[in-house]
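What follows is a set of structures for review.
What follows is a pair of complexes built around chain A, which joins chain B in one and chain C in the other.
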Partner chain A sequence: MLNASKHLLFILAPLVVVFALLPGVYQNHLLLFNFVIFLILAQGVNIIYGFTGYLPFGYVGFFGAGAYGFAIMVMHLQTPAPLAVLVGGLVAIALGLLLTPLLRLSGAYFAIANLAASLAVLHFVANPALEGITKGPYGVSLTGTFNPTHAYYAAVVVMALTVGAVIYLKNSPFGLALQAVREDAVSASMAGVNIVKMRVIAWLASALVAGLAGGIYAWYVSVFYPDNVFSGEFSIFAIVFALFGGVATITGPIVGVLILYGIYNLIGFTTPQYFQLIYGLLIMGLVLFLPAGLVSLATRRGWHVP
Partner chain B sequence: MSPEKAPILKVSKLVKRFGGFHALDGLSFHVVPGEILGLVGPNGSGKTTAINVISGLYAPDGGEVVFDDAPSGGVASHKLVHRGINRTFQVPKPFLSLTVRENIQVALAYGGATGAPSIAELLEEYRLKEVADRPAADLNSAQQKMLDLTRALATRPRLLLLDELAAGLNPAELDWIAGRIKALAATGMAIIVVEHLMGFIEQITDRVIVLNAGKEIFEGTLATAVREPQVIEVFLGGEHAH
Partner chain C sequence: MTYALVAGVMFGLYFSLVGIGLNLVFGVMRIVNLAHGDILMLGAFIALGVVGIAGIDPLFAVPLAFVVFVLAGVLLYWVLVPRLQGSANPEMLSIILFFGLSQVIEAVTTIFAGTSERSIQSRLLGTVFTTIKVKWFGGKAGGAGPIQIFGQGFPAPWVIAAITSLVAIGLVYLYLYHTRLGTLTRAVMSRRDEALATGIDVDRVSAAAFGIGLGIAAVAGVFAPFMFGSVTPAFGADATVTSFAIVVLGSLGNPLGTALGGVVYGLCYMLVQTYLSSWADLLPYVLLIVILLLRPSGLLGRRVRVA
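== the complex of A and B ==
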């Protein structure tokens, strides 16, 4: 476990310190918060896609479920925000359990089914008939818990736990077994690995991460509509960031978020008229020339990337 | 093979259907600890299907598989691995992006075996030491077969199923692997070998079962089998049998 301590010390610790201190020197706190949220979501995608090979195109379903889990607890039970965030995570796990049959599918079929599932959850939550519980399509307003500073630090904590989980996967027999299942499920079962159990654990872990992020997001913004927290952009961004850096590594998704979300905001501030053009070209370039992500520039040369 | 030993695996009247096709149609045989049993027969006679059912990849549609006096038909593969069954694949399927060492580590960590051989021993014995830290994707096909075998051995099986392990090996490698397989059997491991190379079968097996259309048509030594008219008929066609 020497490697794990190195990863904790040289990857996780600096990341947490930087994001804990940045609000003191940089004024755009919303931007910092979004960075942290995407770091969490990209690592969540890393857990399920990088380590098991399931591409979660409807990943936002867990995020939205977490946000609404938070909102419902706060609106109806006046739960304190940190507890409501935990409930958001549990709601996402419950949704993940409900969706475990999707794991029978693979490749594009799983991706499409997962996307459909997230849309189903959106329309369920946004149903006017549920106005008494979710406020339906009219959105929620949670002024009682509004505290962006606390929400930001909660996000940093969840980010630290998520990156810690990925460090564990990268350094444990458990993570190795997950990758074995991804590479060949039949051989993995012949190595004694319970493939169904492993897939479900990874699936629920990535659901939990997105649910916690969703709950914290709800806490931070306090006013939102179903379309905001179930926006497909969350899934797409998290997947693109993770892929751009390189999945099944600790640093890949971090690098992906810092570079791509950085560029995204830079274009947004400077030349918004070219925004989609530049961003689209970037993603095309990635898919064509670096399908295994930025880290493959190093791994191709035989360098080890944590 | 000592006849007084109780069988570790008993297969009786095993049936496996794919749609209307009976891949196994009432197959029965047994194997005892320390024995090397050959499964031979023409293509499509059910050899690999038999191994797939015994190793839990397919659930049987009829009949019984008993391992260690407990039913094992339809039990999930990873549980059978923990009970002491393992196998190699006709086309080896290592975990390509993991290193050779990591491939074996997975089986050591999850195989549930006590007293399993160490990684160093396995790498050394199966000639993988030089490539231990390379991704499995870099291996040639003979090395991938050896990796597949070490993955199986890392779980310390008491019944080992070898599906065409010898195909594609050169004569020197064949002699060497024959020696390894015999040494494994000498430790008390029961081994079932599916193979098309009759010389290899002759060299290592104590006994063969000849399969045709999903059932056994002969049981005994290979030398006797090749004099059996029915066996000659399924291998060479009717006119050669008389």
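== the complex of A and C ==
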């Protein structure tokens, strides 16, 4: 457990301190907030893809479910925002439970089914027939709870919890068992690992963090449409960021977010199609030449990367 | 009701054409071509180009799109696939690789064509037939009107797309079951490593299948502006998911299965749209999940894979 405390001290603590202090120095708070949200999502993808091998192509489904869980609590029950964020997390867990049968599928089938599931949730929420509950495609407006400062710090807290969870996975028998299941499910179950339970726990944990992130996102932006919070970009960005850095590590997704999302903000806003081109090429190059992510540059030289 | 059924079959045939290329690529190479929808979109842009520049019947775009994309497919195969097959988990990485490719295609198309919706006047499709009719048999000139089937009028482009799809599926069937390369393709589909051991040039067979798969997708794309009203560079992603629903609904590695899957899908789509229109958008996704969970091998499938 010495390793775990080292990771907490040298990775998690600086990250939290930096993101807690930055709003005082740097004026573009929305940008900082987006960084924190993507750090959460990339680590959420890391939990499910890095440690179990399931590629969640519809990860945004949980994010959107969290956002709408938040919105419905605030609109219909006037709950205070922090409580509504927790409900958003619970809604995402409920969706995760509903989708557990998908874990029976493997490889590409899981990824496609998960993508289909997230689109199904989007069309369900955006259905004009449910306007009374979700406001359908016309979007929600939650001006009553609008408080970007609190939402930002809530996001930092969730980020700390998520990174903490990854540190736990990296340093615990549970995480080791998960990776054993990923490499060879049959052998792992022979060795006494309860495969189904393990996978479901990782799946729900990653659903939970995406749901909390979604709830906080809804709190921060306060006006949004189904297409915003269910945008496929969230899943794709989170997956690409995590892969770019290197999954099944603590630092990989963090590095991925900081570099790629940084590039995105430098060139993406003015000319999105050029960014799309660059990042498409980057993804292809990554898969062909560096399938294990940036950290593999270091691990190939024999350096240990947490 | 008759209207919904006949339109469903026509859309279904077209949907089979949309899905069949994806099926071929996945069946032969175990590669998930997430850029499938973007190839469709490029096919649609070829049709737009043919109409816009030459001003002739978009049907002429069909052979053009096919040839261009067969060549592009073979080229792309040699650049991407052998390297991918050598990696640890080709099936998973192919998803990400071809997602990257789809982003590149979408971005390049956006840079050159902008994001506005494009459409072609539907009376332009099939003008070649009316011209021939006028020249040889006399009669009045002008665009093809609605075509009467069972006493109901249907837009001519739907009928033409359905007939083209039927022909294309027939050709794929002939290719797979009555040519030497097709027989080899089926051998690679059922057991890749055994085919390799028998001395089949797996790479050549796969490259051919990849090219044909992309070619057919582009042909399907030529009709996309007529079947869906208009196309944008961003149209690719939705088309990919729909194609997957169709392919999974039929069965993998069986073109006749995809034809059936397409028709079933088309019928469901039209019926839901007629009677429960606000839920029609949900259909492809829910259908896809249900089929994957209940019968992963598809409607006509043997149990060939572990899901």
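Convention: the second predicted complex is superposed on the first by the 301 of 306 C-alpha atoms of A that agree within 3 Å, B and C clash if a C-alpha of one lies under 4 Å from a C-alpha of the other, contacts with A are read in each partner's own complex, and residues count from 1 in each chain.
Criterion: a contact is a pair of C-beta atoms (placed from the backbone, for glycine too) under 8 Å apart; a residue touches a chain by one contact, two chains touch by 3 or more.
Being a predicted model, the structure only gives us computed values, none of them experimental.
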Clash or fit: what happens to chain B and chain C when chain A is overlaid?
fit
Touched partner set for A:Ile195, first chain B, second chain C, both or neither:
first
Check whether A:Leu98 is in contact with chain B, with chain C, with both or with neither, and answer first, second, both or neither.
neither
With both complexes overlaid on chain A, does A:Pro128 touch chain B (first), chain C (second), both or neither?
second
Who does A:Leu277 touch here: chain B (first), chain C (second), both, or neither?
second
In the superposed arrangement, which partner chain does A:Val186 touch: chain B (first), chain C (second), both, or neither?
first
How many degrees, to the nearest 10, separate the directions from chain A's C-alpha centre towards those of chain B and chain C?
80
Per the contact definition in the header, classify A:Pro173: touching chain B only (first), chain C only (second), both, or neither.
first
Which of chain B and chain C A:Val18 touches, first, second, both or neither:
neither
Quick one: name whichever of chain B and chain C touches more residues of chain A.
C
Regarding the shared-chain residue A:Leu77, is it in contact with chain B (first), chain C (second), both, or neither?
neither
Give, as a whole number of angstrom, the minimum Cα separation of chain B and chain C in the superposed three-chain arrangement.
11
Chain C residues touching chain A in their complex are 32, 80, 83-84, 87-88, 91-97, 99-108, 110-111, 237, 241, 244-245, 248, 278-279, 281-282, 284-286, 288-289, 292-293, 296, 306-307
Complex contact set, residues of chain A against chain C:
53, 55, 57, 101-102, 104-109, 111-113, 115-117, 119-120, 123-124, 127-129, 232, 236, 239-240, 243, 273-274, 276-277, 279-284, 286-288, 291
Touch list for chain A against partner chain B, complex
173, 176-177, 179-180, 183-184, 186-195, 248
Touching chain A in the complex, chain B uses residues 55-57, 76-78, 81-82, 86-87, 89, 93-98, 102-103, 105-107, 109-112, 148, 151-152, 154-155
